[in-house]
Amino acid sequence: MVNNDIKIGWSRAEMAQKVALDIPDGSYVNLGIGIPELVADFVPEGRELIYQTENGLLGMGPVPEEGKGDRELVNAGKKYITAIPGAAYFHHADSFTMIRGGHIDICVLGAMQVSKDGDLANWSTGAKNAIPAVGGAMDLVAGVKRIFVITQHVTKYGDPKIVDECTFPLTGKQVVECIYTNLAIIDVKKDGLFVREMAPNVSFEYLMVKTGAKLNQYIKAKV
Amino acid sequence: MVNNDIKIGWSRAEMAQKVALDIPDGSYVNLGIGIPELVADFVPEGRELIYQTENGLLGMGPVPEEGKGDRELVNAGKKYITAIPGAAYFHHADSFTMIRGGHIDICVLGAMQVSKDGDLANWSTGAKNAIPAVGGAMDLVAGVKRIFVITQHVTKYGDPKIVDECTFPLTGKQVVECIYTNLAIIDVKKDGLFVREMAPNVSFEYLMVKTGAKLNQYIKAKV
Amino acid sequence: MINKQINSLSEAVADIFDGATIMIGGFGEAGSPIELIHSLIDHGAKSLTIVSNNTGSGHVGLAALIENRQVAKTICSFPRTANSKVFPELYNAGKIELELVPQGTLAERIRAGGAGIPAFYTSASVNTPLAEGKESQIFNGQEYVLEYGIKADFALVKAEKADRYGNLLYHATARNFGPIMCTASKIAIVQAKKIVGAGQIDPETVVTPGIFVQKVIEIRNPADESKLVEEELSYPW
Amino acid sequence: MINKQINSLSEAVADIFDGATIMIGGFGEAGSPIELIHSLIDHGAKSLTIVSNNTGSGHVGLAALIENRQVAKTICSFPRTANSKVFPELYNAGKIELELVPQGTLAERIRAGGAGIPAFYTSASVNTPLAEGKESQIFNGQEYVLEYGIKADFALVKAEKADRYGNLLYHATARNFGPIMCTASKIAIVQAKKIVGAGQIDPETVVTPGIFVQKVIEIRNPADESKLVEEELSYPW
């Protein structure tokens, strides 16, 4: 077991940076609400990415200066954004033509649960009196070429989010390609989950304890 | 019988004028290729109509002066046109959203045959070595609210174009509301064809001879 | 002369009848036609079905319309927002119906309604609870569900510029559902920040061609919804 | 840096392979990318399926591509024009296949292909020979036929302005099929009369967002097809 006094795992910023490193130059990218939004802060030197926001902008730029926001220039999370030179506005049907039509290269989403087969649950806990709200998540996972998930490895109650089978209602089946957590980067392969990288001071055994599905190693991890 | 030496029926311009009189103020109108194009020349005083051309313009204006045409500003018949102030350009899918979606009020089309039920055949004689070409006719008759036909009453061989059943391949079934020919204006009603107006020197008997379907009179015609 | 401009908000919504289906533009407050919605509250039509991406914030705009109990059913993708309390309360009390639709499917269903497409297939929602009970078919080895076009009696939409023909331009991401909602409704009622003369909108840049719009009204300084919510104002005030 | 601009016509079409499906923009000569088509003739790819509204005029552009026997099949709505002799001859000789599609259905099938819609229903062609053999269904008491989305390997499109991201503006009715063809093809190759700097196209006016475009080439003075036809020129010249 790992000593609990030393820092374990990556910060949210480090997680976002790991995702950013895996996005090829020239990609069209849609970032989900929450941690995924941080990914835009870590584009590696020399790469140019184009961000799409499903509410009608291709070429989303940085957050505007405090007080300079435009109420009608917002992202999917309804936060103020800007548009880069070379951006384009369009209506919702055209926006989902991009998404459903397979034109977006990568979408980075948050998760409530991800299964060993890459099933994603991220829109509803299925609780009785929760207001169901799906937004664009189902369209994104059905239409975007590659789905990356960025999430804490476990819930705030310590329950694993990576599980054999999702117990929450699905957003999509077999859609996730890679999971970036605070503890590890895990690829979803046909023959199971493979740990590609572990965060500092995380052992494979520790990771297994925190995970609700079988994990495989590409090569024998250093214990 | 009518004396063949006196002028019988309306000219093409007069036919077009009759159609124009029946188009209400403020209508959105699509004009087919050929005689229908003439309708635009006869908008009655005080009416404003908006012409749509399915190749991407709402607000088609008059033919430009000789030599002033733009090769890329043409109508469905590929003739030079102009755009009125207040016009809009759009792509083909948006254009047929207007048409298929029922947003165009009236379409005036030519015909090879019209049946007593308002079936229209205007795209193919079905002849073996004719190149089949349909263009937008099927979309127009399926989508536009009211279909007017403007046509010579008989073919150049003297055969009736208004028939019991079309022998040529259909463009659409039960789509025509009114037929404007050089001899008469004929309404297509549920209970048959009704002659609303006859051209100068055309008798109901003459009209019946030239027509391949039963004609009815709203009121007893003057013989 | 064609002139779709009208001059009073009450006239704009006068024809809206009880039981009507109304599409309301906006993604959150961006593009939300708040003055038209408030006018609909004044007007009082009841038992409405509202098609809109969200359900409003605070106690103004769309939330106020719902709070005023004029809405029997909402068709939307995301009926939760940071400051939305009105819808959740009524929903949990069983006093408002919800048809939850994925956002892209919602957009495409509206677009289909406007384009005369009664139904189409999409892969969104396949294998999820939202696909339950829906017809599905395999194309090229992949499963798709059948979704139906949506039409409305009215649309309430916010635009930046309009002319007397109803041609519209929008501002930034306020465009969102406006253009497709205009196509899918019998009577599209538009509040524009500026009505300009015919010919003052470049035909190459028109976003909504006038054929899709029936009424336009100039609202030069639309209210700032976020501000009203922050100030905890309620409509009617 | 993203830069989709390329500088030679031969490079523009270099990847086109035998048997490819290619969408070609244009309604008659308006919007027809004649330089790209001629470059495809030089390139020589064979057994192509061409999706285009017409089949070209005279012996240049699309007609020349067909005359050069590079086209196995055309999917179009109107394969007849005043000066088209090439297609009719080959068609009557059984040397080229034709899939005739109503113009609006063709447009919608292309749009569906680009939008990830595998199939949709339309009332166009119901009760006509073009509906024979097609699946149909009744919605609200009216019959509709099922039509399938079309995708292509390549699109050849003519635009007015482009930038390095591939954002496009068009000119007048030359817009026609260009925007939807860009969405429905893996590689959309665009000849633009002018390539401008990023940011020089107002984001509110972009017609084709760059995501749908893979290659742009500047062709400042595209040939005038009508003139070439009048002069009875043939490509290759």
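Think of it as A, B, C and D in the order they're written, each chain with its own count starting at 1.
Rule of thumb we're sticking to: contacts are C-beta pairs under 8 Å (C-beta built on N, C-alpha and C of every residue); 3 or more make two chains touch, one makes a residue touch a chain.
Since the model is a prediction, treat every value here as computed from it, not as a measurement.
For subunit B, the chain whose average C-alpha position is most distant is A.
Of the two chain pairs considered here, B-C and A-C, the higher C-beta contact count falls to A-C.
Annotation: 37 Å between the Cα-based centres of subunit A and subunit D. Centroid to centroid, with C-alpha atoms defining each point, subunit A and subunit C lie 30 Å apart. Of all residues in subunit B, those that touch two or more other chains are 57, 83, 89-90, 93, 96, 99-100, 142-143. Shared interface positions of subunit D, i.e. residues touching 2 or more other chains, are given as 108, 111, 115-117, 122-123, 170-172, 204, 207. Because contacts link the chains in a way that matches no line, ring, star or complete pattern, their graph is best described as other.
Applying the touch definition to all chain combinations yields A-C, A-D, B-C, B-D, C-D.
Taken together, the subunit C residues at the contact with subunit B in this complex read 1-2, 111, 113-117, 163-165, 167, 183, 198-199, 201, 203-204, 206, 209-212. Those residues of subunit A that touch subunit D in the shared complex are 26, 28, 48, 50, 52, 57-59, 83-90, 93-94, 96-104, 142-143. Those residues of subunit D lying in contact with subunit B across their complex are 27-31, 53, 77-82, 87-88, 91-92, 98, 100-108, 110-111, 122-130, 170-180, 207, 224-226. Against subunit D, the residues of subunit B that register as touching in their complex are 53-57, 70-74, 78, 83, 89-93, 95-96, 99-100, 129, 131-140, 142-143, 169-173. Note for the complex: subunit C touches subunit D at residues 108, 112, 115-123, 137, 139-140, 142, 144, 148, 169-172, 202, 204-205, 207.
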